[in-house]
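All remarks here apply to the structure that follows.
A, B, C and D are the chain letters, set down in written order, and residue numbers restart from 1 in every chain.
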């Protein structure tokens, strides 16, 4: 029998969420995780109910940014995402694997993703922010396949190496007839010209730039301090203008 | 029949190479590709015969750093890596896919890797530098499985997010009883303390630091200029002290 | 708490799938549901069965007989080709590790290694977890 | 140039594997080699056969009969479940795309889409390329 029963419960539990936003890039190290985590904080502080889902199974790190050490899930006919504040929920494989390495081939990655999604209980939240791994492998293809109503935000730096890889990914999103909210240029020092040009060439929204913020690193693990950084201010403007 | 015939030719064609070095990190965007490409240039300028193999099938970009646009492979009972200079050879899936997106699940990625490795003709070169994708998926597991004599260099930045992911990967390399040459700290602005501490904690060599070099971006695509950057000088020292 | 256990989520997936399949086949009734129970996931079969029975009440599957086919976890190493079966997970894993694998069976790659060559790079050949194997309906 | 074509690399893999298998079985001779020829890779069968015959000379497989079993490329979409066979790659791909796929069949994911839903996320079910299917030996 080739029916995967788990997919039914995935559709149900994700069905009550108003906006599912995948933060993608294809390229690693451009700030997907940072932007996912900080955007979730910003949205939750604004009063929206928000979920943050870390899908980088090979290197989960949202919990580090949020400064969560001892998270445990509560079972309730499934598992409840960890409640960070009254309106911010979080799910990651981190509590299961801690600091062990997670060597998973694609097939196993896909199976782990489907299993995880199928046992999570999401409330009827306003936003689910999905921190995606780099690459165009099983996780991306499964998210596209299983959650066809998800929207995407593409993150890039202004480096040619990033631009070309993000360009490939955006073409994939467009060809797959998925909704791309737009491009965020991250870690901008002086110019964001390449990122803006990419947006223009591909006729997608340029959502704005987030500066490289040397002070940010020291706030990692401390949400209150993170919200005071220049990084967070820039992201707040983008969120207000384009996401809410 | 569960014998994969291709593996025989892979062992043969890689068998004549003196040093196979995988540049890894688990984390994306830390400079694996940059270090792979620039290290290959440095070694080849020193007179060694060098191969550079780009295994980031989802986002190949070594060719961009090297400024190669129209590479085509020559067939010779297999395919010959592209000869950039008299002693620098290059292989990438780029000529096959150009700027198209490459959405491959793990199983396909693995199959593509094995096929590619099995038809390439490597000379008896001194170094094969393998630019690895981020993550701990099929490509890493297959390289470990198919080329058990490969050595590894782990690249990290000094950010906690990178440190923890690279830490996982290094533990995997050690547990797998593979040879880790050491850690390179990249894009260092002021301190490389976290990277040094990681090396100490895991009892592995700290190979050195490469500064964040704001001038580097403008040299991408021009090997001659790249070799004049501060990035290349720092890497040259590391190569001279630890690799050759 | 029995009523909170995550086995309910597994049961819910199964019942939703069964109902949808039955509807798509224009079934009058589901008479049998066959489930593979892979030992790697170490589910609490009693609770799982209880949940299935609760969830199928007042559905097209309310009278369905549920058949479990148990399967021991079997692995095959991608590096050395060795195949092995684990009879008792408690002998090779800590309680905490078994718990992680209970939620996501693929995390066995994190906590287990090939007994012959020590690699984490193996396939779970069978006995992974809960799987809908067959549904018998009448039209 | 016939003598340079990459089909030689495919043939070399096969012959090396056959010889190793035969040795490990302490064979006196290899009498038959059965090969699956998947249509997706569009190999030049004449050159491939020529290469196999050249490479098996002076080996334990020198008298082996080579049997080819051709297989049309068959795909299954992971998104919509649609299955399809491609009879003539030239109808759906450019020459350059066929050439890329000739070297690495998985690059079909770059150049092909599910005819029903348009997704690149499909499996190559059969007919991928050259595959060693069986070896018959005498001891």
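Going forward, contacts are C-beta pairs under 8 Å (C-beta built on N, C-alpha and C of every residue); 3 or more make two chains touch, one makes a residue touch a chain.
Only a predicted model underlies this, so the values are computations on that prediction, with no experimental measurement involved.
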Rounded Å distance, chain A centre to chain C centre (Cα mean): 29
Chain A-chain D separation of Cα centroids, rounded to whole Å: 40
Per-residue overlap in chain D, given as positions that touch at least 2 other chains: 120-121
Residue list for chain B, restricted to those that touch at least two other chains: 100-105, 107, 109, 141, 172, 175
Touch-based graph of the chains, sorted into line, ring, star, complete or other: other
Pairwise chain contacts, counting only pairs that touch as defined: A-B, A-C, A-D, B-C, B-D
Chain B-facing residues of chain D, complex: 1, 3-6, 8-10, 12-14, 16-18, 20-21, 51, 100, 103-107, 109-111, 120-121, 123-124, 128-135
Residue ranges of chain A in contact with chain D within the complex: 141, 144-145, 172, 175-177
Of chain C, residues touching chain B in the complex: 78-79, 118-121
Touching residues on chain A, where the partner in the complex is chain C: 1, 3-9, 12, 74-79, 93, 96-97, 100-105, 107-109, 111-112, 115-116, 118-119, 121
Partner chain A, residues of chain B touching it in the complex: 26-30, 33-34, 58-59, 61, 64-65, 99-107, 109-110, 133-138, 140-141, 159-162, 164-165, 167-169, 171-172, 175, 189, 214, 217, 220-221
